[in-house]
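Labels for the chains are A, B, C and D, by order of writing; each one numbers its residues from 1.
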Amino acid sequence: MAALAAATALTADSIALDTNKHGVSVAELQKHTSLENGVWVAINGEVYDLTEFLLRHPGGAKIILKYAGKNASTIFNKFHPKDVFEQFLTPEQHLGPLLGELQPAQDITEGEEDEARLVRIEKKPALAKIFNASDFEHICKQIIPPNAWAYYSSAADDEISLRENHYAYQRVFFNPRVLRNVTEIDLTTTMLGVRVDAPFYCSAAALAKLGQPEGELSIARGCGSENIIQMISNNASYTFDEIVDAAKPDQPQWFQLYVSENRDLNYKAIEKCNKRGIKGIFVTVDAALFGKREKDMRFHLLEDDDDDGDAGDNLSESGKILSAKDPGLTWEDIKKFKKATDLPIVLKGIQTVDDVLMAIDHEVKGVVLSNHGGRQLDFSRAPLEVLADVSKVLKEKKLEDKLEIYLDGGVRRGTDILKALCLGAKGVGLGRPFLYANSAYGQEGVEKLIQLLKLELSVDMKLLGVSKIDELGPEYLDIRNLHARHLVADLMYNSAYDPLRPPEFRK
Amino acid sequence: MAALAAATALTADSIALDTNKHGVSVAELQKHTSLENGVWVAINGEVYDLTEFLLRHPGGAKIILKYAGKNASTIFNKFHPKDVFEQFLTPEQHLGPLLGELQPAQDITEGEEDEARLVRIEKKPALAKIFNASDFEHICKQIIPPNAWAYYSSAADDEISLRENHYAYQRVFFNPRVLRNVTEIDLTTTMLGVRVDAPFYCSAAALAKLGQPEGELSIARGCGSENIIQMISNNASYTFDEIVDAAKPDQPQWFQLYVSENRDLNYKAIEKCNKRGIKGIFVTVDAALFGKREKDMRFHLLEDDDDDGDAGDNLSESGKILSAKDPGLTWEDIKKFKKATDLPIVLKGIQTVDDVLMAIDHEVKGVVLSNHGGRQLDFSRAPLEVLADVSKVLKEKKLEDKLEIYLDGGVRRGTDILKALCLGAKGVGLGRPFLYANSAYGQEGVEKLIQLLKLELSVDMKLLGVSKIDELGPEYLDIRNLHARHLVADLMYNSAYDPLRPPEFRK
Amino acid sequence: MAALAAATALTADSIALDTNKHGVSVAELQKHTSLENGVWVAINGEVYDLTEFLLRHPGGAKIILKYAGKNASTIFNKFHPKDVFEQFLTPEQHLGPLLGELQPAQDITEGEEDEARLVRIEKKPALAKIFNASDFEHICKQIIPPNAWAYYSSAADDEISLRENHYAYQRVFFNPRVLRNVTEIDLTTTMLGVRVDAPFYCSAAALAKLGQPEGELSIARGCGSENIIQMISNNASYTFDEIVDAAKPDQPQWFQLYVSENRDLNYKAIEKCNKRGIKGIFVTVDAALFGKREKDMRFHLLEDDDDDGDAGDNLSESGKILSAKDPGLTWEDIKKFKKATDLPIVLKGIQTVDDVLMAIDHEVKGVVLSNHGGRQLDFSRAPLEVLADVSKVLKEKKLEDKLEIYLDGGVRRGTDILKALCLGAKGVGLGRPFLYANSAYGQEGVEKLIQLLKLELSVDMKLLGVSKIDELGPEYLDIRNLHARHLVADLMYNSAYDPLRPPEFRK
Amino acid sequence: MAALAAATALTADSIALDTNKHGVSVAELQKHTSLENGVWVAINGEVYDLTEFLLRHPGGAKIILKYAGKNASTIFNKFHPKDVFEQFLTPEQHLGPLLGELQPAQDITEGEEDEARLVRIEKKPALAKIFNASDFEHICKQIIPPNAWAYYSSAADDEISLRENHYAYQRVFFNPRVLRNVTEIDLTTTMLGVRVDAPFYCSAAALAKLGQPEGELSIARGCGSENIIQMISNNASYTFDEIVDAAKPDQPQWFQLYVSENRDLNYKAIEKCNKRGIKGIFVTVDAALFGKREKDMRFHLLEDDDDDGDAGDNLSESGKILSAKDPGLTWEDIKKFKKATDLPIVLKGIQTVDDVLMAIDHEVKGVVLSNHGGRQLDFSRAPLEVLADVSKVLKEKKLEDKLEIYLDGGVRRGTDILKALCLGAKGVGLGRPFLYANSAYGQEGVEKLIQLLKLELSVDMKLLGVSKIDELGPEYLDIRNLHARHLVADLMYNSAYDPLRPPEFRK
């Protein structure tokens, strides 16, 4: 439910709590546990009437009903930023403070704790033993809560695009040049006009709190230490303001925007970005609805240990989630967003040459070639493949300078990043690797991940015979096999990959 | 033997039982157990003289001899629709009702029941835990009777085409478009002029009763609930009429025709289709004889636990089955069938561009590009590959509108269906997935399968940026790798696949 | 040693035993056990002085020394036809009959019998359970003596060509045609002017006795029953005359000729072919010396359980074997062989278009495209690949009718044979499958193998829409992937393959 | 640390020991164990003040601190040639002889000895059982010290290039010609004007002592016996002079030069080459710094059993090592080196056509196409691929005779060598195979490796129909698949390969 419940995390100030309300006694609260009597829930000391909201809850009505008349703070805080009700409830649905003491009810999504996992957490390898981005994934597979793993690692359908994203990099080889002075390597570059210390950024990824209590805050701090950009997820588990506050004064951050049917929410978010010094707004255009992520779906059902008939409605619930974003988003909206802000607007989730050309026509500042980490339409092409096609056409049409091209998905190595840059990308985003590094080691993990990638980039550029980012070009690559989707021998990646499993028989 | 015995399931009314016959006593029956004395068998309360039929039995003489002088109702009903004798026996070979009580003899094809399998049936996952078409296959592999599994899952020789059928889909990727209004998705389309709720149909597959007592009836009901077309197999385990009766009043159904040497049977079947409101007749043209399906062959021999010398004649028996269809079927017959009915005639089993062109010359309404699910000639090409070649030629020759193109084989996902439609198919058939869904969960399983595919189609079309079926086209695909038959990384499919095994040593 | 010892099996009458010799007593024999005193050995009742021959023995001197002064009949008969000494020894080296009784010494190549293997022989599957050529291989891997398995299954170096030979077939697919009258299928064809019942033949393969006491004799009888051609190996374990005698009066047989430095032996062999009604002489041109077959080499060393220093000289011995054939064979010899006989001369082991053109210039009757089953130069191309190139060039140059093209290597299925015929082959040879069928089941196995292939051919031709062999052509194939050497998914073949193993540590 | 510590092994005579120094007592030595008091270490009877050197130690300061005040002879001698201090210390840092007795401290890099490994050493297969180059690798994986295995076998990042180097050979097939007189095969050729007995050489590989106490000396002797060239590593574990002394009087040797920031060291080395009769100087141009070799890195950390915080600085230490070579090396240096010697200068590590053309412009005598055995930039292309591109361009530009082309990396078979020669290489280098042969069997192993390759070359040339090295050419190859990087079926190679492992959880 985690994944589903996280519909939107941002940022409205419409229903600031009315501190004048008298409040609700524990006894009163406990009477409201059904649709007939109303469904009241206490969260962080305040009582809410969720009877009407119940059916709009992206995570399903069932989970809320289980907390009717109870203190749901523990589970609420795991999945939601504290301001989430501000956009979903009316002021009347806030009933006032809880009068009296009531222990938070158990978080039923946790299930019984797996003893073996707790032991593994104890025995977690020292950070010094992490050598590459995949290592974090190996560790998380064994130590983070199963629902976090399911949510983070899952992708659409057969997860073909998920793996293709990475495999495409493995089909590109280098033409390294020698006998060039590579004493000094400069990894710095600019993205949307901001100077950063490395040509990659932390891409938006939802619900960082699932794997790490510090959530997006430790990611913000880690990126700040290493001076790379963090793109703040629209589905973060902390509030937008908390995440911006976690950054250093001049630390650059971007904001990822999911467009909802209620455009007002989006304009308010954009307004907030203007105010808080955000450096770019990345409008997600590949999420008319969420893809069919079976690893995640399967996890939620497995949890349902009574296995009763109503397990059936999980699917229809997932159907609801599937329409949580606005499938009516069009280029007209992009025009309007542009008018609403002077910040650079970038389209995240472009997957064809034609849409890049349309983006140029609409004069946006950039695109992110992305299939959402394989989480949306399975058999979407690997961004690196699309990039090769795009670069060729833009070169032919002399449009290379019209916008900045980013891409994300499947990046694990410095060499991956170099390949994308050689093909014309301005920067490369990593999503899951940041979640894994953060989940396993918090801010230190985030910093280590960035350091490792910087180290690899630095070593690899020297060995490639290139000193500066803007000297990279297609002449350093052999891409003859890029479009040949044969299997590749990346054993590390493959052993870290967690294959889909068939349904389990009952015990 | 199941597979073999099911020669034809249809529908003649020539030897309606003569109710005036006096009947046969149990004692009399039990005397007729040899070729010399005659081979009599009681089935469903009637006694038949099978002495002459013995050698014509597609399932072999041996199995009938084992039931000579006995009540063979149990095994007969497992494999045959009740009207099967009407086309194979003369009125004289029906000896009248059995006088007296005789318990049905044990079904010797069952062997000893596998305790573990019975337990697994108990522990079968709830339907809510099924997320995709392959899940049904995983479950059936563990719970349906081994002979049903062997018959359903087997394909010709090394089963290369079986897997290629699916793998071809995995070599095609999408070019998804963004920022289009996909709020409303319309999955409806027409097939042979009939409007249906989704662009796929349940293809003919024989002997549904092997895995599910409700057999083709529950399939008919499931398809009716979801308004998709069921193609009725010529080898169904219920009678044609029973299956049509199971459908709702206006529910569209097609009929698959196997042409036998006795063309009269075929014309009678066509006549019956005319009468019962069938919407299309699919003449199978890829079955001059049955392919060499070793998984199925091996199963039958393994059963033969005495392992005596006569196991040898199983092979020659399978040789007989191999000629159960008429290898003399030619285009001349197609012309005649067209004259015999106003129903659309479609050729099922076309595998080359040239034969599509001949089909157009013969003015049939459609073709099904199919290699019979890999069960006929191994190393037949995947239908999707053939479709790509066909579409190209028809477009060049401006013949796209001359007939409707269907295809079947290897379809497991909504994305598979979309790919076929983008390449010009009017609809896509699924065979085994329906058998598996039906075997594991009956009508509910069939409905769930259809719902899952509809859900996937709906999600995938939104993510592809397309709202209507007829907007799909080749511009949404990257087929550069379609003809490169390298291995693909479809782990789900591969783990569901049951590999051929070498012969076992005796215990 | 088996492989090595079998230098030549043919057929000279120069040193017919001199029956006038007095003979040698057991006591006398037992005194001659060293180079100083002479090395005498009793074989089949006669005593030979092998002192001089010792160093010429292709299987090495060591093995003979172990039998000095002993009765070596058992081991001799396992590896050699009885006339082998006629070409290697002088009349003086035959010392006369053994006077007195002496038990044959143990066959030291057997090692300790593996109990488990004997049990498996008992439990061998009934022949009725064999469905395809690979099944025989599966069984032999478990039941034939390890040295036989090592010799039969081994190929050169990394055995890449061995597997490529088969994989190439897997990269070719069919374009089956429908609605053609395929009621009657005619599998007969002619090879070198002789009519046979199927378009394949049993290729020469040495040392059939290793796996089956009846050796080449049961192969001859099996081929006779089914009217296909047997090519008699120059390294057979029975004499040429015995094998010809085993055939039926008019049964067609071919002879495979290894050219030795002593051309006289070859001309005598050709003369004998003329006399005995052989239908074709296949001169092996790909064996200047034997390839490096490590599976076989490793076996012999493993046997050497004392593991003493002299194991070292096994390699130099294998070096000797490597020059057992004449590396000086050239086209000039071919001209001379042609003059020596009216029988058709065919060159076996051609691997390039250029050499096919040279063969045409030299007016031979045919070529066998072959890499010797992968046993000679590893990374030789698959014959099917070469055939595709050859056919293209011959068609361009209008030379298709100048000679008959055969090929061998990797054939396991009727579909394989059809593919080769479609590409222009006159016939296809199978080697190992005959050895395996014969080793596991003798003559019955050979017949079963032929019947299975005929059945597959018959079924497959019907399904391909072709009635006669000479109607086959390239239009029935899709060879677009033939030259793309990616891995293929032939699970049956791969599971039967026995991978090379690293050296074992001592126990 | 082994890998790292071996910075340079050569050859300076600047600080010959001053034998007049009085010396240091054991008690005095033992007082100097900290940065404050000075860090003194006794090695081979002499005492050194390493306080200043500590931070320059490529293997890190930590390891030296552990030996402060101790006799470090054992560990020192394992990693370093005895003259290594001559280039790193000043005369003042040599404090004189150690007065009194002090047992060498334990070698802490050994860890606890693995009992099982010692047993395996005992059971090592006899040399006679080694059939190919990969066999040595199989054995070493089980018997050499883990740190030696880690250092020898490791490569950069995901070790893609490591395996690609070999796989590229597997994608090239032969066109063997027949009926040519191949009685005499001549494997001799010349390299840089020197006649050698085979067209391959022993490439430079560091730290041979790690796996074999005789180190580079037994390699020198083995190469001498078989008359092939040894390239002496700049990081050898014996001194340059010791290795040259181990060779026979006229035995040809090459020297591999790592260019350090202190060019004086390099010129001294070149001068020494002039004096000692070295036949060629191979300037390494692909090592601006060392690649990220995780197998080796991981090993060193695993050793660190206290797992304390300071494990962290291992990474920064490896950072130091990464700059142990001079990244400022350019073509200008090449010009200067050429002026400093009449010996042929060859550039080792060229990876593009363009750099070969530049090498021709600079009139060097040759290039080695190499990616340093995959140890530098991962995703560097396989040398064989580069060779094919280079040969094509040089032929077009008629520059083939301008320099000699060598290549190394991934060579395991005689067929590999032949393929490279057919594509225009003058000779082929093998690195790891020599280390493995030497580690497992010393000089005898080296000789056996060479003999096996010669045997393979000789057999393969006969089977290819070629008698002399200079008759080889591209017409003998089918390279259509060379650039298609699909997986290949080299099971032997793959089973010898030791995959990277994720970090281990603590015990």
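A few remarks follow.
In this section, contacts are C-beta pairs under 8 Å (C-beta built on N, C-alpha and C of every residue); 3 or more make two chains touch, one makes a residue touch a chain.
As the structure is a prediction and not an experimental result, all values here were calculated from the model.
Shared numbers divided by all numbers used gives the overlap of an interface; between subunit B and subunit C this overlap falls below half, so the copies present different residues.
Chain centres computed from CA atoms place B at the largest separation from subunit D.
In this assembly, the C-alpha centroid of subunit B lies 63 Å from the C-alpha centroid of subunit D. Centre-to-centre spacing of subunit C and subunit D amounts to 45 Å, using the average Cα coordinate of each chain. In subunit B, the residues that reach two or more other chains under the touch definition are 484, 486-487. Of all residues in subunit D, those touching subunit A in their complex are 157-158, 160, 163-164, 285-286, 288-289, 291-292, 294, 297-298, 301-302, 307, 311-312, 314-315, 319, 322, 327-331, 333-334, 347, 349-352, 354-355, 358, 371, 376-381, 483-487, 499-500, 502-507.
Residues of subunit A touching subunit D in their complex: 120, 123-132, 134-135, 138-139, 142, 170-183, 413, 415, 419, 455-456, 459-460, 462-465, 478, 480-481, 484, 486-493, 495-496.
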